[in-house]
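Take a look at this one; I'll ask things after.
The chains carry the letters A, B, C, D, E and F, assigned in the order they are written, with residues numbered from 1 in each.
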Amino acid sequence: MPHKFINEIEPGQPLSDIYIVKDPILRSTTKGDLYIAMFLCDRTGQLNARMWQASEAIYKALSKPGFVQIQGRSELYQNNLQIVVNSVSVVDRSKIKMEDYLARTDKDVEKLFTEIQEILGKVKNSDVKLLLKEFLSDDELMKSFKNAPAAMKLHHSCIGGLIVHTHTMLKVADFILPLYPKVQADLVLAGVFLHDIGKTEELDYDMVFSYTDTGQLIGHIAQGLLILKQKADSLAAKGKQIDKTIMDSIGHIILSHHGQYEFGSPKLPATAEAYMVNYIDDLDAKVWQVTEAIENETSDSNWTAWQKSLETKIYRKRIEQ
Amino acid sequence: MPHKFINEIEPGQPLSDIYIVKDPILRSTTKGDLYIAMFLCDRTGQLNARMWQASEAIYKALSKPGFVQIQGRSELYQNNLQIVVNSVSVVDRSKIKMEDYLARTDKDVEKLFTEIQEILGKVKNSDVKLLLKEFLSDDELMKSFKNAPAAMKLHHSCIGGLIVHTHTMLKVADFILPLYPKVQADLVLAGVFLHDIGKTEELDYDMVFSYTDTGQLIGHIAQGLLILKQKADSLAAKGKQIDKTIMDSIGHIILSHHGQYEFGSPKLPATAEAYMVNYIDDLDAKVWQVTEAIENETSDSNWTAWQKSLETKIYRKRIEQ
Amino acid sequence: MPHKFINEIEPGQPLSDIYIVKDPILRSTTKGDLYIAMFLCDRTGQLNARMWQASEAIYKALSKPGFVQIQGRSELYQNNLQIVVNSVSVVDRSKIKMEDYLARTDKDVEKLFTEIQEILGKVKNSDVKLLLKEFLSDDELMKSFKNAPAAMKLHHSCIGGLIVHTHTMLKVADFILPLYPKVQADLVLAGVFLHDIGKTEELDYDMVFSYTDTGQLIGHIAQGLLILKQKADSLAAKGKQIDKTIMDSIGHIILSHHGQYEFGSPKLPATAEAYMVNYIDDLDAKVWQVTEAIENETSDSNWTAWQKSLETKIYRKRIEQ
Amino acid sequence: MPHKFINEIEPGQPLSDIYIVKDPILRSTTKGDLYIAMFLCDRTGQLNARMWQASEAIYKALSKPGFVQIQGRSELYQNNLQIVVNSVSVVDRSKIKMEDYLARTDKDVEKLFTEIQEILGKVKNSDVKLLLKEFLSDDELMKSFKNAPAAMKLHHSCIGGLIVHTHTMLKVADFILPLYPKVQADLVLAGVFLHDIGKTEELDYDMVFSYTDTGQLIGHIAQGLLILKQKADSLAAKGKQIDKTIMDSIGHIILSHHGQYEFGSPKLPATAEAYMVNYIDDLDAKVWQVTEAIENETSDSNWTAWQKSLETKIYRKRIEQ
Amino acid sequence: MPHKFINEIEPGQPLSDIYIVKDPILRSTTKGDLYIAMFLCDRTGQLNARMWQASEAIYKALSKPGFVQIQGRSELYQNNLQIVVNSVSVVDRSKIKMEDYLARTDKDVEKLFTEIQEILGKVKNSDVKLLLKEFLSDDELMKSFKNAPAAMKLHHSCIGGLIVHTHTMLKVADFILPLYPKVQADLVLAGVFLHDIGKTEELDYDMVFSYTDTGQLIGHIAQGLLILKQKADSLAAKGKQIDKTIMDSIGHIILSHHGQYEFGSPKLPATAEAYMVNYIDDLDAKVWQVTEAIENETSDSNWTAWQKSLETKIYRKRIEQ
Amino acid sequence: MPHKFINEIEPGQPLSDIYIVKDPILRSTTKGDLYIAMFLCDRTGQLNARMWQASEAIYKALSKPGFVQIQGRSELYQNNLQIVVNSVSVVDRSKIKMEDYLARTDKDVEKLFTEIQEILGKVKNSDVKLLLKEFLSDDELMKSFKNAPAAMKLHHSCIGGLIVHTHTMLKVADFILPLYPKVQADLVLAGVFLHDIGKTEELDYDMVFSYTDTGQLIGHIAQGLLILKQKADSLAAKGKQIDKTIMDSIGHIILSHHGQYEFGSPKLPATAEAYMVNYIDDLDAKVWQVTEAIENETSDSNWTAWQKSLETKIYRKRIEQ
């Protein structure tokens, strides 16, 4: 039986399916009975759920978050859909069809990573080379880099989204750099590769996409700078001091890549390299958003619904080829 | 003897050189004597000038604007440098070294135009093809397109600047379009080619760069849309009706290519193609501005002077190759 | 039996009435049965509707949009009201009480048009006269001018709204121009008459109010300029070249009449005439909005509900006469 | 001999003329000699001046500000023009041609005041009538109202400017109110009359235009509200309590008449009457600014210089009548 | 039986409890039957209610607003919860547990007032002393000062909120003034005490919190200035003229204490004292908002829900002591 | 002979004094002669200088920057004052009266540091204690902390400015924290101490105040976070892992202490502690700016000159004590 997706549930339906339980809390009613308040989620969204007649044992057995098989029923409560859970049992992760719970890119991530290494292989400056190698050889970081989404919602919000986004940006940069011989290609390539590296720590993407506490308090821009510093420190500990101008220039690209203060960049671009990374990032993110909006539109209209982040509807009609 | 450039003149110098006279006015002093107030210009700037003991005959002989050989002297007047002109005589344009008066790109404009035609040759949609041909075969418009500057000041402000800017943008588009298969290449190529076509009418660039009255009142964005409509009308008159979706989509790219209302776009981008033209335009313009700022800096500092339009100084130090 | 208005329908009611069907789509359920998803509308709003057990024949018979007699029932679905349609039959337009479906001004449109012609008859400049005559004698355009709404929602959003708005503005202009003898009356009168002429193409108002594709992509401001150009071209074709200063000045009024970039004007007012049209337009639109808000308020409070576009509630209490 | 205006003085000229002395300070040099630093002003501007070899007696004799006959000479000091004063003597005000020192409207102020009273005579509500009478019969306030400028710089910055501005606005209101029968005419007329009444206290305009301390700290908007309250209090003391709705509505017009928070209005318009006063004010002020800019332009260009407060140049070319 | 709070009511429940009735309106159905539309409120919110089969007598008996005992039932209507009232009877205020209907500070208001008087007792300037005494001895105003909330929603929105807020601010000022000896302590203390005095007139807080008409049209900032003027006038009437610089300085603090135009201050701070009051106000208000958000959060998350006015979620995790 | 300050030099004076030479460049004239372009500075400003007839030897002898005794003369060149240098000789730093060249606080820095340590001694949380100790025991960093200015221009721009600013803020925090028992005092104290620690690396203040390259590209906000991380890393290396919540919370205070995106904070305050540091910082900085503006005003006016960063003039008149 196929998974019943959260966004397909209507009021008054019996439910018997596997969902992710998130933020469960054990509470007592005014009469003193225990119940569990929680969210049930999959890749399409989340719903409030209540399990009445719960016990501390049931509550303790739950992973937070974790996969659970539930029996229950959907209801309207104060005009909102919620799920009343009758029974709940923990399900082993190995039995899960993960793609029902977390969107994942359909691109071949290892192939993208190989191509990224090839493009970065064109870097000539020895210090930039060293620095990139320090990143590329950090297996744990690269594993995160291959799995992280590029954003919570706006674009590339899927497992592998970060590497897909970075890969396309590197190809764009590689294509157009010959047209701009005065722009320092090594800095642009390193800057593109590292501009969103802080996303590996900003977002949690094990079962659901969410900000980590550090991600929310510090943000991927400053976190990226910290990771860059850490790599330079670890090279320095090995006796390889990265040139200060290079550190400043790459750090500046990371800090300024949102292009405007109101988008969270504490510095405006002050080099041609920083401008280039800023616009390539914008281009790739906006084209993704527009494309997604067009593909997700379910009506037959020439226009998508209003896109809040773009302050417009998107025109869907295509010209003849 | 080399031309004495306007920005090299110091107070108290005798002057005997050729300048462009601009906005001459015949006035009378309180005593009733006639004098001429005017500007003298070359590619480096302009200065106020006064010719006392003038006559209506002298005034009438002046082209407005035009080249003149002047004899005179530089002075401080109310703390501003001005030129007191003793004699003035009209100079034939054939005797002028034009590059002293108007900056001109050092690129081969005809070669750029050939390459532009080659890239536009990749367009597949028959209506877009027709439309582009209508533009490319308008010799007078193409002559303007090859000569116009891309902007008064900010970027590519030289004779030929518009075609240089458009050519680079087309190459960028041509390079990166294969990375974005869902973006309609024909519209992007046409949109890049036409996004600034209104500049041919917005700016005057015969002797000095200035806005035309229409340019200032209507602006190159709306002027570009009018030219597009005119070409479609002239095709329609020949029995070839351009598809409405194509007209809307290209018109929309022209209108939205500044990306934000406060930069004079009456519409925000609402298609992937419009976003792409917007960012490629920004990228090319900003890289030019940064590069120019670095090259024009005369100090040895690691930083240029403050760049008002970029809201920052520019960092000039380069990493080792 | 009076028409049951969309905004009066409550859940669980049987329905037998005529509505406009909009955007119908034929779809199949997971079991393969065909159904039609559509909107049902009248002047008070629209609701989602579903006709289960539909057929391709039924779908094809529907005008899109068009008037239909439906039998059905209102329901709550995912907390939203929707209509389940049991049967649907096309209704001839001649049988419709149009005022139930499209709000229409209660002013005498032909009388307004006569008065507009009288006021425009005061224009003295021969070129402006010619231009206005070219507009006034374009019967099709004038028919649209008499029928178009002045806006989708904010003000004068009814059939005839554009001419009502323009008529009042012309009377205001006509009254106050004698107080400002240095302001060029001919340009103000022509500018007021034409400032929103692009609305005739921006909005669709045959059965429901909506933006046309061109309206959304190009906008009434740029469309107005195109229509102005078209009229001048057609005069030119008849050998009557309109003076360039006049074309620039009227075009500038159209482009700048929203007064600020963020309201979609690509040019800020740069003439007294443009300022005058801008403020008269604002005045008439805002007074309409305030008046409507006061009249539509159903509570007895001294204040209307929050008016999002005005960023305030409106005070309704009136002083004694 | 005609007055030598401040803006006509060039460096190195002997001077013997009457100016206003402003902000004189008695100081001693490092050697202990006394000198007076001061400004010399007329209607065209002001210049720094120094009188060396001054004495306490000379200093004490000066009105602050006051008219003085000076003998001296113009000089450049640190690139700024200043005047070195050799002798100074107080001049009786009766000997002064005041129009050289303070710009004054050329309109007949008493006639304007009569017309204002006529228009206000149309008010029907008895409380509004009472309130207006309380203002009109306050001779001292009305004297200020007839003399105050309407602004320091932007518009109507001349003696009598406030009444000229208010008079035109009242005529506009009187003309257009019949077009808007739902707008409460009494409130609009009172609101226009009183919207800038605080200017009588915000600005000093006895010899030179400047802000009073209260004007700068409190501002004409809040000052206007205080004056309104004061009049109502004085009526209440006579047993005539003005209706609260009327007080709130007129107070609201005064507070909101700048239309936007960033222009110093602590409240946005929340009544049709407030919107009407706001736009009529804007219209009259902007038309004045544009007209002034055109008339003050000394070049023959089609465009004025850049107008900072309007964010544009102004187009000066007029069409044929 | 404990009060059933408005925010605890679910659809389909029988209700028999005391609520505040607000804005009742007597209307007739299409059939001519009378019914009453009204709101029922307590401290947790309000709901729409309808009493069918009403009569003019029932309607007239209702206080507007007032306490009523109702019998009825909760229902969903157009997806919104509403209450159908079967019977209604007026309840005497003496029988009410007021804390169920209006939140009240749990601080000892009289003690706070004593401490406020002690701190204000440190003022040295005799005119400021006089002015403060005039306020402190106005028993009616001080009663309002002790009861008014400090804001409708954002912070200290409870009976007594204004005095709690003012008291804390005075203690902050008293603590830190010794660190800033150049700041005029008397003005800061008076400014803090009076900065929100207009709230006593801006808000209605007898049964429910709401803006008065004057509050909405004029606002507490301008109202505060009017009260200040009134006190000075009443002192002047007793022969005690308050120094103009003091009036200007305190008035300026009141006007500028929101710190920015867009927050409703018609003047930006122009004295050290105004800056100090502005920041102490912001500090106390924001710490309250953050603390409230943390305490009101019902989930176990490390983060509160999104706080619209702060443009962020709030981090709730505390460090170990 | 006292030092002739840069801002006291007038055109046409002979000069023989010691200045700091900055950014010297060796250039050749069109004729091939060598000359040195440089700036001469002291605490009051800087002037362009030219030494004609220079040699490579002279150029090489100059420290860049360094103290030099010059002989020369002041001149006007293109309306700007510049210095023509005839001879230049390097001066040993030991002979310099440093206070002529760099403004220094007149507070006792060591005493301030002792008091800072006392206040920080109140911290209770053991991890925060450890972290602070790691900073306080870094002698080199603390030396910088005692010498750095707090800003280039706006406030506390003197040697020692950073510690003076931090010290006052700590005293304010220490005074008011008891009033806010729910705010975590340890985090506020640590946050205040560290909020501007990045200034030690952002600014160069050895001879003149200027931004370092890193300061301009990365900024003191991100630099502060890097220093915090570095200290935690060095503690971790000693086996003392600082709690993540503490690191996040203090890092967040550093990042958000400018309070708004447009002031360079990449995160808005999301804790009560962050808000408190933000407002105490603003308060101390703004009071300093206002006080400085008042004290530096040389006129006798009640108002200072326009303060660009405060968008107002400052009122200087004080009330009687």
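Quick note on the criterion: contacts are C-beta pairs under 8 Å (C-beta built on N, C-alpha and C of every residue); 3 or more make two chains touch, one makes a residue touch a chain.
These numbers were taken from a predicted model, which means no experiment stands behind them.
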item: Partner chains shared by chain C and chain E (touch criterion as defined above); value: A, D
item: Chain whose mean Cα position lies farthest from chain D; value: A
item: C-D, C-E or A-B - pair sharing over half of the B-D contact pairs; value: C-E
item: Chain A and chain F, separation of their C-alpha mean positions in angstrom; value: 40
item: Whole-Å gap separating chain A and chain D, where each centre is the average of the chain's CA atoms; value: 59
item: Whole-Å gap separating chain E and chain F, where each centre is the average of the chain's CA atoms; value: 43
item: Multi-partner residues of chain C (at least 2 other chains); value: 79, 213, 216-217, 245, 248-249, 252, 270, 313, 315, 317
item: All chain pairs that touch each other; value: A-B, A-C, A-E, A-F, B-C, B-D, B-F, C-D, C-E, D-E, D-F, E-F
item: In the complex, chain B residues that touch chain A; value: 124-125, 127-128, 168, 171-172, 175-176, 179-180, 182-184, 186-187, 243, 245-246, 248-249, 252, 268-272, 275-276, 279-280, 282-283, 286-287, 290-291, 310-315, 317-321
item: Chain B to chain F touching residues, read off their complex; value: 10-11, 76, 79-81, 299-303, 313, 315, 317
item: Residues of chain F defined as touching chain B within the complex; value: 23, 25, 77-79, 213, 216-217
item: Sites on chain D touched by chain E in the complex; value: 213-214, 216-219, 221-222, 225-226, 229-230, 233, 244-245, 248-249, 251-252, 255, 261-267, 270
